[in-house]
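So the structure is just underneath, and the comments pick up after that.
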């Protein structure tokens, strides 16, 4: 392939904002963005496939299959203080380092065509303990942005302790900058197990995001939704881990004596 | 390379159905499709080579070699209720995640040129125990297809328990959908050891497939054929595992102290 | 991507010399070249991004992020006995073998356009012990160069004991030769732990280089500068190691029985 | 890069035969082909570089470096019963499965331009024990070739026991067939440790090859030559093993808890 976007419809959007929520720590970004898609009844307009996802299909209850993918949704502003949105959710991030760059760059190029100049990347921040009220920590592509967003409940002080953001969310902000896009990464504090979705952290992130975007979202059904998602997320992660292990694990028999001796 | 198809002959086919049977769990798909090729005396018209197969040649009894490959065969319908067929068999699937996508996409693109709109992917389904009468479990690219095929002995209920189909068979159905192809995956229940070919499961899959395709195939020689195949299959798997292990296994000496210290 | 250079400005340089100092053993090359950039007040004119770097962003104290990159600086000669310089520093080298070739070739092609015919690659040489006065060991693209540079305090005798130079520094000299570039590798002796930056070794390399280039550099602040760099370098290396481990480590559960059995 | 051939001179050859001898088991092929180059005073006309070789340079006694490479030599027939030759030797084979295909295909394409229709691939065959008189086992691209070559001391019976030939030698024969080239693989029996060069096995292979090609070669200096080569070969293998280990070895600290948890 290696990474391609299949577009069903080219939406006409006015200065759209891009919101990203792919699977990751506590699946915070994935839950928040997925809930946003449902509540806004955003419309799917494109799908992304990549050979940097695991080579398998997921099986639905109706016996139909789907290849691992990322999905693009759009939503048109309903009020003057709102903005058109493009929301990205998906089954998976890249399974290899190189793929992260390829996928993010492919998406950024596509977003540029759609007129995107602002990015909100939603993700989890592993802090190793559960918190009653998880904070939302912020990172920006440009320090100027802090002034604009510090009035929302975002902690722009703690980010330095983290040091790095690994995966798509960080790259969207960092590589988007090369294309003149302004980016904010909203990181919800969470225990740090990717297998256990953290709806509380996702809610914290959603609360900040919807305030910024002037959206009214009822987050009361978030917990229930996460329960439904949990099974699918677990399925992907289980197979991914098992399959990755089998692909990467060297057979135990391969002894030292034989090292490289197979090449005639 | 990386993946290329060498075509000997461009067959003129009328609305052909594609049947895929590559090595996998219990080699169910490989055995079923291979037997079909022999019984129908299908004609080879193309071969696929890929740098995502292991880099070695197989040695035949007459001292000649062949590079690992997949093979395309065609068969023309003999009766009005039959359909032209393209059958894919082969020595190997991709040895890395990325290659699965590349190989399946290369094949689908080629099949599109040959006019294929329907796919039957044959594979094994690991259930961890031996069954006297293995079932055939089905997965589809589109739930509409279930109505069409539920009259055959296909279990469309159990598929949800599986969760995923890893490798080429799933991708053929899943990625074929992006090209407007209708796909059914027929999974024969089997113990789940790839090294031990399972002729009983392959027979179950063949019985369903030949009924759908209105073919008359004598499956009595299947057991004997599998014995003959077994040696070749074992050979490929042994070398593959050994070689993969040697390529991926880090030398044991490489201590912790030296980590990354080799870069000047 | 995979590797791309973003140019801010195309400097007009006269027969420029290229000086390379990327992270590596003891970070000797990185420290020496970085200090040179600061002391000369060299001007950044281009950045290099690559999918062969780890897929993460670094977080600055001001909450802004940057993607791992290499940076090109230029400096114009101030005196008749000096030469224009292009200096390369960066956060990282490639994390996979293939990437080293791709990145070095991409840079060499770019340097050719900028008129570079001479290369100085700065690096560390792991000797396993600390020395009061670390030597600078030299390797060349062409034995003729030894005559020209043996008057400087470079040890051209010990190089044979090393056997190889792994990573970018060696490739710059070796592959540059294919493009008619003359290259000298200056290797500062150091204990050999990449995590601990070695300012003493970097100073030894700088002293040789500045004599060759007729530059006057005050090396007294080198120790202090290294302290400042240390934190950033450690951050990159920690995450890189942790992330690489997670990407490459097969999950422990994947047992022997299941080997490759996941492919249907 | 990824794989490129740098040509110094395009030799005018008449129906040339290609002889391949790259490093491998017992370095049998490398020693035999390297000795042939020296004895025939064959002339180097091209070099091949590849990002599928390890990213390091080798250091010579005169402090100069060279990037790992393969080298093409030619020799023009001196007598009517001889044929023009192209001989390939080199420092390394590909370090990853994919690279073997890429390098062999790049070379075959180049050879086709040079008019090559016949290939002799020289390699070792690991038998696990030392033999006073190692046999030369043969494999062919086409069973017809056995008739032509069975009068030479080649064992065409044992090949079936081997099952496979891993690496470049097998692929040259197997993929060359797709380009209408006739290929013979001459495998000298050897203990099977790649680190220990086996001059006796190489001599057996050379004796068969020179008879076929009507060449008169004094093999008495072979043992001495091998001693000289041994050091270089060991150097490459040591660094390659160490470096590969460091690139592939996951840091031990990466515990189970953290699995994939690094992605935000």
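Letters A, B, C and D mark the chains as written, and numbering starts fresh at 1 in each.
Simple rule for what comes next: a residue touches a chain if its C-beta (ideal position, glycine included) is under 8 Å from a C-beta of that chain, and two chains touch if they have at least 3 such contacts.
Keep in mind that what you see is a predicted model, and the values were worked out from it rather than measured.
A.B. asks: What rotation angle, rounded to the nearest 5 degrees, superposes the C-alpha atoms of chain B onto those of its identical copy chain D?
C.D. replies: It works out to 90 degrees.
A.B. asks: Taking all residue numbers at the chain C/chain D interface, are over half used by both copies (same) or under half (different)?
C.D. replies: The interface is built from different residue numbers on each side, given that under half of them are used by both copies.
A.B. asks: Going by average Cα coordinates, which chain is farthest removed from chain A?
C.D. replies: Taking each chain's C-alpha mean as its centre, the farthest from chain A is D.
A.B. asks: With chain centres taken as the means of their Cα atoms, state the distance from chain C to chain D in Å.
C.D. replies: So the centre of chain C lies 33 Å away from the centre of chain D.
A.B. asks: Where the centres are mean C-alpha positions, what is the separation of chain A from chain D, in Å?
C.D. replies: That gives a centre separation of 47 Å.
A.B. asks: Multi-chain contacts in chain A: which residues touch at least two other chains?
C.D. replies: Each of 96, 165-168, 170, 185, 239, 241, 243-244, 248-249, 251, 259-262 in chain A touches at least two other chains.
A.B. asks: State the interface residues of chain D toward chain B in the complex, per the touch definition above.
C.D. replies: It is residues 94, 96-102, 105, 138-143, 146, 156-157, 159-160, 162-168, 170-171, 173-175, 177-178, 185, 239, 241-246, 248-249, 251-252 of chain D that touch chain B.
A.B. asks: Flag every residue of chain C that touches chain A in the complex, lowest number first.
C.D. replies: 1-2, 6, 49-52, 54-67, 95-96, 235-236, 238-239, 243-244, 247-251, 253-254, 256, 258-262
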